[in-house]
């Protein structure tokens, strides 16, 4: 255990382990030192200087975020000079910031706005030095507005160090030094995997999703269009936070009610296709295990991960499940299965999804995602966009009645729900694979070893199969692409031998997706994961093979898991991509 | 070994090469042969002779006569008159009574003792001056003793901050590590500073010897010289010197049976002033953008590739051989209390003889400018000197008699910095000069921290407005305020040090600013 | 394409800057091309985005094509005091380009640089690897003329 050090923060005595930053020590002493570039999840860059404090007996100041405490240190977090300093720094940052607060994505939650107000900043004190720059909005998923960027460096750390995607870099230096894409080619032509973690961590409005709100409103208000909606498992874990309700409870019934009030013609649920994914992917796993196919099998539901794999690990493409993501399975079925059932012209159907994810916007636009004969998913809204639409429509979300999803593609089990948390797909797959291989349900459906916020989780379980006897199943769950990279390198080098691997691009899984509320911390993500597990526990059916709607779909339309029709509609193939431009250069796996 | 009646030292540097010094050297050689003087008169190539703007120059030794602005046509006359007839060609002689590098009566030439006198590309010449004796001596004693000697000598870092060198070493020397590094900061980028270039061009072996001793003292088996990419001649001379030292077994494995290994490598920069900051330099060495790291951990504990690393300036390390050879007490005789030794200054701007000189610490600014720089040129009056480079201070007339050493200058909120002295005459416009200084910082800020990146930009905007006659009186205090805030909050010394030029220019020459604003 | 240069160095990130120097020097247009970046990134096992960050940080590097002769005029205070602004005006007039631009014939690119460490000869400029000091408008004219003549 690290040595305990005693120090004083504004005369309050506090004891913390050696290595603690002044910032954290101050928190313990009940003092929040103002910060701007700092985020608790990320390495302190010490860029902005807002968190400076004075230390008795020392000249100058120290940055609280990146200075470790020492024994007997006496810290002052507030003084005339420090206030003056913080105010001046903020004025200088604003001098290079496009101030358009009322229309900004981050209005009312912007950290710069907050601090500017708190410190009584007078924007006019400094000459404006901003030079207008073009907004980069060619990407399917992310819009980057350098005019608002304050060069805090959070997006860089997330993109380079946490996600190891390297789609962002700094061009030049000094005041002219700007965060941009490699060789200034724009997000579309960069290795960006659209995970959107940069948007979550941006403290101002410089990074946000490419919005589809207008297109969705147009479709909803167009009588010709039949608008169908699906909602991802993870968004129900965050709506409570956004609408001022219990953040520890999932919000389902009110979500359906709100969607109906927005004017969607049919309200389904992505959880349905999450269960469907398990049937397909579980069958694929069992087939590979039985027939000696390529192992480990790696999950494919996270489109950020898929593009990452195509860019950095195309040699492992054959390991990746051929299953489309739940969103895309759903999209294909809406314009085939559902259209058939309802005698609707698929050309008139507008398929909308609400996702915790920005990469889903890119995925929906992949040219191969048109197995229905149309673009399978027309528009993807993030959680944030959905919340904005509800608020714009003046819907009193909190007081809405609890409603149910529509039949046919609305039913789901607990297995579908936990897709939203890291380890959830793994757990759901194990529940069903066990059932199929052993012929009975698992005694304990809670597979704790794959739950939780640890970056890489490993587990080993013995499955007493009917046909093959006892089978040892080694599984691994990684979330965050930096962790995924490590696991892929282990697989490449043969250092680890897994049978089944779950990868989610975003830390925490989909509850921590790039389309979730701005500023989501790891702690928020962990809490959201827990609320999904809670819903799972409370549901009558907790295994995908118990989903009646899914079984009906097989009976009436798809025949059986991994049938020819299922392969045609629910499975896909992968490309190799150029790591400089992100461009697909060749197919590395092929359609069945 | 041959004995010569006279030696002709020809200064070879980038500038003289450009002016065709080789052509003139050949003409001289031919001319001497023509009169069968080749056996009597030795021609030696050496580094820069220590003054600039004087075209191709050569120094005749032992007569101590310097010919300047020599053209090919003059060669005949020089040979016939001087070497045949013993008559000095007065029209080409450097008239100014300057001392500079060639003050032979001054015993304090430590760093520059060989510069301009030996052929820097020949290790034997360096050996002939007693070179590498200190290295041999060092290997015979305990490394910790060397640290003590340097500590006692009072040697302080010559890169600008003036941190005691022995103390710096004493943090790293006792650390146990599988690898330690010595890094020589030869990224000389402070505007107006070119002393390290001339040390390296003129006497590369002395630097190498200093590196050897210092590396041994701290237990570093790998040393890097991080040198700016523009210094092509230095790079090639140092490479040659390293090769020679290797050949002579001065570096390599188990040097002289001591059990100590040392490898010296050169790392090349690519144009970034901030890399003069030691942690930024380390980042750059590792192949990254040269942005500074947080301290602590200090490089002495966790530096290059996370290993203990001592970073020292070229001039600092070049002092080490003499300290070891002659002892700490000898070194303490030079300079003033708490600031021992000599300092190499570069004097330039509106002076008669821009160049460099090595003088005792504590020598006054007036002496340096008048005696070594030849005074203000064209009979103009002195207005100000920017002392210490861009990160320095504008000193007015009334401070000309300030003693130049680390401690004393602090009392005037000034710094010795890298030893650059830019002299401005009465016609110089301080506003223009400050504008130029801020433009420099704005260009060189690494952009890592916003106080520096944005602060420089805002300051530049303000000074630019003032320069254009659009400034306001309040802008002056605002500028000082911003620079003060930057001083308190910038991540590294680059942004912190802008306060010195800004405050000194405005405080010492406020009337100039006000006049401009009124217009 | 750059194999010869790369193989001179161990495949370690610390050699990046030296490699970039060599690659740029080997290029007629004094720049580091996308292809070169890709090859270097493969050789050193570092990302193109890292290389972009490094290239753009150091003023000696460029990832945009430049002229055969890159003129880097010092803009630091010592040269400024000795009249570098006049030299700049002269260069702009002679070349007909602004700072950062390249002449149409691809012969010159005009850049400003921080102190080159030759301040005794202020004002100073570098053309590729060569230093030219004690510049006067007349001298600049001769230098440019010489280069133009030799290029013919």
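A, B and C label the chains in the order they appear, each numbered from 1.
Everything that follows uses one rule, which is that a residue touches a chain if its C-beta (ideal position, glycine included) is under 8 Å from a C-beta of that chain, and two chains touch if they have at least 3 such contacts.
The model shown is predicted, which means the values in this text are computed figures rather than measured ones.
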Specify the chain with the shortest distance from its C-alpha centroid to the centroid of every protein C-alpha atom present. C
Higher-contact pair (C-beta pairs counted), B-C versus A-C: B-C
Between chain A and chain B, what distance separates the C-alpha centroids? Give it in angstrom. 54
Just give me the whole-number Å value for how far the CA centre of chain B lies from that of chain C. 24
Centre-of-Cα separation between chain C and chain A, whole angstrom: 44
Residues in chain B with touches to at least two other chains are numbered 272, 289, 443-444, 446
Give the residues of chain A touching no fewer than two other chains, as numbers and ranges. 170, 172-173, 177
Multi-chain contacts in chain C: which residues touch at least two other chains? 50, 53, 57
Write out the stretch or stretches of chain A touching chain B in their complex. 37, 44-49, 52, 60-61, 63, 66-68, 81, 84-85, 88-89, 92-93, 95-96, 125-127, 129, 150-152, 170, 172-177
List the residues on chain A that touch chain C in their complex, please. 160, 166-173, 177, 181-183, 191, 579-580
For chain B, which residues count as touching chain A in their complex? 272, 274, 289, 294, 296, 442-458, 461-462, 465, 478, 481-482, 485, 487-491, 496
Show me the residue ranges of chain C that touch chain A in the complex, using the header's touch definition. 34, 37-38, 41, 47-50, 52-53, 56-57, 63
Chain C to chain B touching residues, read off their complex: 12-18, 20-21, 44, 46, 50, 53-54, 57-61, 75-78, 80-82, 112-122, 126, 129-134
